[in-house]
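Reviewing the structure listed below.
Chain IDs A, B, C, D, E and F follow the sequence of writing; residue 1 opens each chain.
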Amino acid sequence: MHIRVINPNTTSGMTETIAEAAQRIASPGTRITATQPDSGPVSIEGHFDEAISAVGVLEEVLAGEREGADAYVIACFGDPGLMAARELTRAPVIGIAEAAFHMATLISTRFSVVTTLGRTGIIAEHLLDQYGFAHHCRRVRAAEIPVLDLEANGDAALTRIIDECRRARDEDGIGAIVLGCGGMADLRETISDEVGLPVVEGVTAAVKLAEALVGLRLGTSKHGDLAFPRPKAFTGRFAHLSDLTPGS
Amino acid sequence: MHIRVINPNTTSGMTETIAEAAQRIASPGTRITATQPDSGPVSIEGHFDEAISAVGVLEEVLAGEREGADAYVIACFGDPGLMAARELTRAPVIGIAEAAFHMATLISTRFSVVTTLGRTGIIAEHLLDQYGFAHHCRRVRAAEIPVLDLEANGDAALTRIIDECRRARDEDGIGAIVLGCGGMADLRETISDEVGLPVVEGVTAAVKLAEALVGLRLGTSKHGDLAFPRPKAFTGRFAHLSDLTPGS
Amino acid sequence: MHIRVINPNTTSGMTETIAEAAQRIASPGTRITATQPDSGPVSIEGHFDEAISAVGVLEEVLAGEREGADAYVIACFGDPGLMAARELTRAPVIGIAEAAFHMATLISTRFSVVTTLGRTGIIAEHLLDQYGFAHHCRRVRAAEIPVLDLEANGDAALTRIIDECRRARDEDGIGAIVLGCGGMADLRETISDEVGLPVVEGVTAAVKLAEALVGLRLGTSKHGDLAFPRPKAFTGRFAHLSDLTPGS
Amino acid sequence: MHIRVINPNTTSGMTETIAEAAQRIASPGTRITATQPDSGPVSIEGHFDEAISAVGVLEEVLAGEREGADAYVIACFGDPGLMAARELTRAPVIGIAEAAFHMATLISTRFSVVTTLGRTGIIAEHLLDQYGFAHHCRRVRAAEIPVLDLEANGDAALTRIIDECRRARDEDGIGAIVLGCGGMADLRETISDEVGLPVVEGVTAAVKLAEALVGLRLGTSKHGDLAFPRPKAFTGRFAHLSDLTPGS
Amino acid sequence: MHIRVINPNTTSGMTETIAEAAQRIASPGTRITATQPDSGPVSIEGHFDEAISAVGVLEEVLAGEREGADAYVIACFGDPGLMAARELTRAPVIGIAEAAFHMATLISTRFSVVTTLGRTGIIAEHLLDQYGFAHHCRRVRAAEIPVLDLEANGDAALTRIIDECRRARDEDGIGAIVLGCGGMADLRETISDEVGLPVVEGVTAAVKLAEALVGLRLGTSKHGDLAFPRPKAFTGRFAHLSDLTPGS
Amino acid sequence: MHIRVINPNTTSGMTETIAEAAQRIASPGTRITATQPDSGPVSIEGHFDEAISAVGVLEEVLAGEREGADAYVIACFGDPGLMAARELTRAPVIGIAEAAFHMATLISTRFSVVTTLGRTGIIAEHLLDQYGFAHHCRRVRAAEIPVLDLEANGDAALTRIIDECRRARDEDGIGAIVLGCGGMADLRETISDEVGLPVVEGVTAAVKLAEALVGLRLGTSKHGDLAFPRPKAFTGRFAHLSDLTPGS
């Protein structure tokens, strides 16, 4: 089984972190390819970054189709381009936010999210609503760390995240914590040990959900609104997307 | 990995159907033990049957704890005793209704449920609400087959289910169908072939979700409202449940 | 009119407290029979206790049917077995949580619940959602008292409950308080006097709702999903539940 | 116990119908006074009629306060002036729409409303949302009868209502029907007999709920947003409402 | 274009404040007529005041119809009589609460309301629910100022409002503030300057929405539940409302 | 006042249709600039087209900022890039779907959407949920016309749209219809005349809402989650987006 894990930002250090976490959690028969777009933002910290990053995500899915990937993971907590990516393939496509939410509701009745910056909280709230998990999430919290500080300034960032997780544990009436950034893929066990609660991290959760769906031979439905895009002309820089026939 | 799949009713033929479907879908390293209570209803077709069946489910979880099971699947579409079962163990416990709902939302934006009897639809509706998936489900449909007819009268039952699935496909604006009964565990592929849509079945979905959670080393949170039951006296027929110390 | 008030736990002292409160509030023509199962937990403090207690509740309803009860009250705040009990009878069946919620919304626009242990709050939340009252409830609070302390340690328990009710009054922006445990059936007036707000208690509320429904000649609908259970075999310890014909 | 039943329209024939239904259902110790405003619309068939009728309702509550009423029923299915009326008294005030919805959810899991004119359906929908019962109501149906035809043209009206109730029973997947007009107060038993489902009617339901609340010594909360109106000047035709001190 | 701005209370000073704010924001071609009922409460601070004020609002709309108004604004934050007013005219009718909510969601993802008295918060909550904006509003706050203090005691009132707005800005995670009283129509810019957030005020918002709808030639739908009232007799003080034919 | 109307697809004929409709509805002092990206899909008929089109939308907003636009309209019914666009400017940014929904709720209590292709209905449903209007929309309908047929095959397309609008009027219990495609900007009056209901079209609605917000001096909040993007490096094709300082 070949799972293509797409880091939507263009910071290779983060792609490596994600790749390692994904590979470590994968089953023996699973091959992980972690990729990143060559064009796009170095980190995703708001709606604008996310909208631009979606182009790279989609091109990575198209590349994966040519290579015959069996499943895709979109490894940014805003799940950028998720619905669009699903149109491009019969394979399952999993966002790490949705993956984490799903897993958290299976092991607890209520959870909180701990993310990087407060301004991205609204993205998590919109996803919680759309996916149906708003009621299960007590609170979206931010440690107020820029995303790249997870790499550049890892120890200080980890301390702040753990502090915020402790506050979530003590104040929110929850059973589990969801980590709200792909860049935290390697922190799950450390944080869980420190905080004493199950900690759900999206990259690892998404890899296992992708394996589960492939194992079930369930892929993205091509009946209805996730069918392949209608072939059509794209102009200018996006002319290479014209008349896609991804399902052929 | 040892997954204990609990058929909440006492019909051994159905336990076998479930066991075979579970084993067939399981990963190489996974051992499936399919069990059924010795006491309880031969089929579950309403709130009363379900309430009684929960006792057997819980005793099967306690038995599993003694044997060191790594995860549990509750293989009836009403997820009887799910929250209570989670209190009894650190292992993940997955209901087949929730499993099917989760998987269906990962491959489609909207799904319909096709279940056995109309009177059980309300149970599915309550679960859809509690889990957060009400918005993703267009309609809960019934083929109006008694549960045991799936065994006794398999061909006729299958025909009716396929007919109802076709109506769901043509009228509901959906991308996937969820089969609403544990006794349909062996019908998924046939129905999907006939209907031309992804068909999600709960037993198989739950086995893969259980494997995923065990792979993630995520188990039921013991922080908060799914903590082990407070030890206490039980009287009469239930005296053997007194002062449980399942986590010790 | 004969109302059978079922204490779902097996502590006779609590049954007496409930019986007295029920009888005191009943109309002159109403006869109260308070019962408790002979088998089950001595108190109900979580999902597991509740699931086991449902068996006793249902058997008490079946006993009531043989005696010709006109209505049933399930006197535990989690309303254990409520839907299942409704399948067994044409008479009305009222849970004390739902009764309290209904009454509270008739005298205030927003209320808070004050219950015993925090871990049972999730049960109240699930019921508020299912019944439609989530929006009317500002907060589910716990005094963190084990249920049996209401009997064993009454004065200290009462003090803690009153303290929590005062916090609800001062912080929650509410017009009424709902007491979240059947064991508080005798505390309503004392608490209301101390706190200065209407206090709604479920046992008393349920008795009056039961009288109202009987007075209206409205009983549980037998059309649709609360129809009598389909007759079938039960095995083992539950063989006595086989082929019930409660409506005959 | 003295319950003041207020018919919000000014048609005395309808007040009599309501009075008879209320008295017939009342407990022996309950005295019913049925009143109607001297000013207002002869029937209520939309938002405008309802807004004007609220003035008369409120004046009738003030009159009731002078007479020492123990509870109030507002006998129009739009519950006109309900929140305002609650500000005027410590007694319980019950709208017939809310009363019917509450009772219907206690005897069934899903109900439909059958009302007079389609244009009033939106009023019922708004109330279902505000009270929390939207999810329990499958459909608001109209027999398309002007309200006063219930009096002037009773047999034809009854036939149409019964036809619509039968459609509700056969198409909506419900357990009970709610009659959506105060003028149907005398039709409940006939319709129930014809249709074979429990039929909930608001005037009768409200009388029994009022008795229940008085029996519980629960009245409208004066803590918070249903407190007595702040005394102030009213001008012109409404000068008599100046500096009300209803609670004194 | 002629917009009739109706102050639902009878305090002429407030009508003047509203008129000036409305005229100042209006486009060059827009004529504002600000009116107030001759009968009704001098301020609106609860459900009762609001119910009585609706009569005056509706009579002012009828007067506007005789004068050929192109649009109406109801200038009290509870939007009294809004649905009823819409029945009376083909012109658009805008409530200032709804106007402010609409505009706030176009410039921010989440807002808080700052109103006068806590007891009116429930009215705002009911409107947020009915209009669909509950999810966009973080919190309804009150400065605890009687409405007429906005006139009699303006500086002190302004200070308290600004203080509450600052708390909203610092604690609520919002992007904009909605002022919750028509009497604050002249305070918008001062508060916005002091608080540093966009501040949305309903009178000004409603005038611009009314201009927008008139510019689009969109008026209140007369198809369905906002059609003209059915002509009928009104009795007593309201006889002048009999057999209205507002659309003729 | 200068409003930049951005057609997110690259079909200049559609840009012209939109420009004409926008200019015709604009107030005398309003200058409309209609633009389209040079790169992107020729029509938007699903999630993938929409995700790619967002890049062009955002670049058009950045161009508008350099030219000093006072407001922006995103003229595709999926509101592509709306939240991201808001981050880039202090000016208001209005999507045509949200504009149409807002206006429809001001003139009716319930509306239906008539869009081009059924597969885009899910996009409308997601927006209705996010904006809060799901409850106001009875049904999302599709005429099943490819978007470019609105231009290439206008008469046949119009006939199908009118037919679907008539079905909406007759079956859905609505007061208004929302047209679900920017390419229908010139059809509003024809359809309204044929169907006899108010018809709300998004381009025209958005222009008037933009004028209203500019008139109110209300722009996108820069406090919180719509603040300017954090400056950062973008790589590759998107390097020109590095270190944006749009607010400087």
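Definition applied: a contact is a pair of C-beta atoms (placed from the backbone, for glycine too) under 8 Å apart; a residue touches a chain by one contact, two chains touch by 3 or more.
Keep in mind the model is a prediction, meaning the values are calculated, not measured.
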Contacts common to subunit C and subunit E (chain labels): A, D
Whole-Å gap between the CA centroids of subunit B and subunit C: 29
Euclidean distance of C-alpha centroids - subunit B vs subunit F, Å: 44
Two or more partner chains touched - positions in subunit D: 83, 109-110, 118, 121-122, 129, 135, 173, 224-226
Pairs of chains found to touch, sorted by chain label: A-B, A-C, A-E, A-F, B-C, B-D, B-F, C-D, C-E, D-E, D-F, E-F
Subunit A residues touching subunit B - in the complex, by the definition given at the top: 25, 27, 83, 92, 94, 98, 102-103, 105-110, 131-136, 169, 173-176, 196-198, 200, 204-205, 208-209, 211-213, 215-216, 218-221, 223-226
Contact footprint of subunit C on subunit B as seen in their complex: 10, 37-43, 45-52, 54-55, 58, 81, 83-84, 86-88, 118-122, 126, 129-130, 146, 224-227, 229-230, 232-239, 241
Complex contacts: residues of subunit A adjacent to subunit E: 118, 121-122, 129
Partner subunit C, residues of subunit A touching it in the complex: 109-110, 135, 173
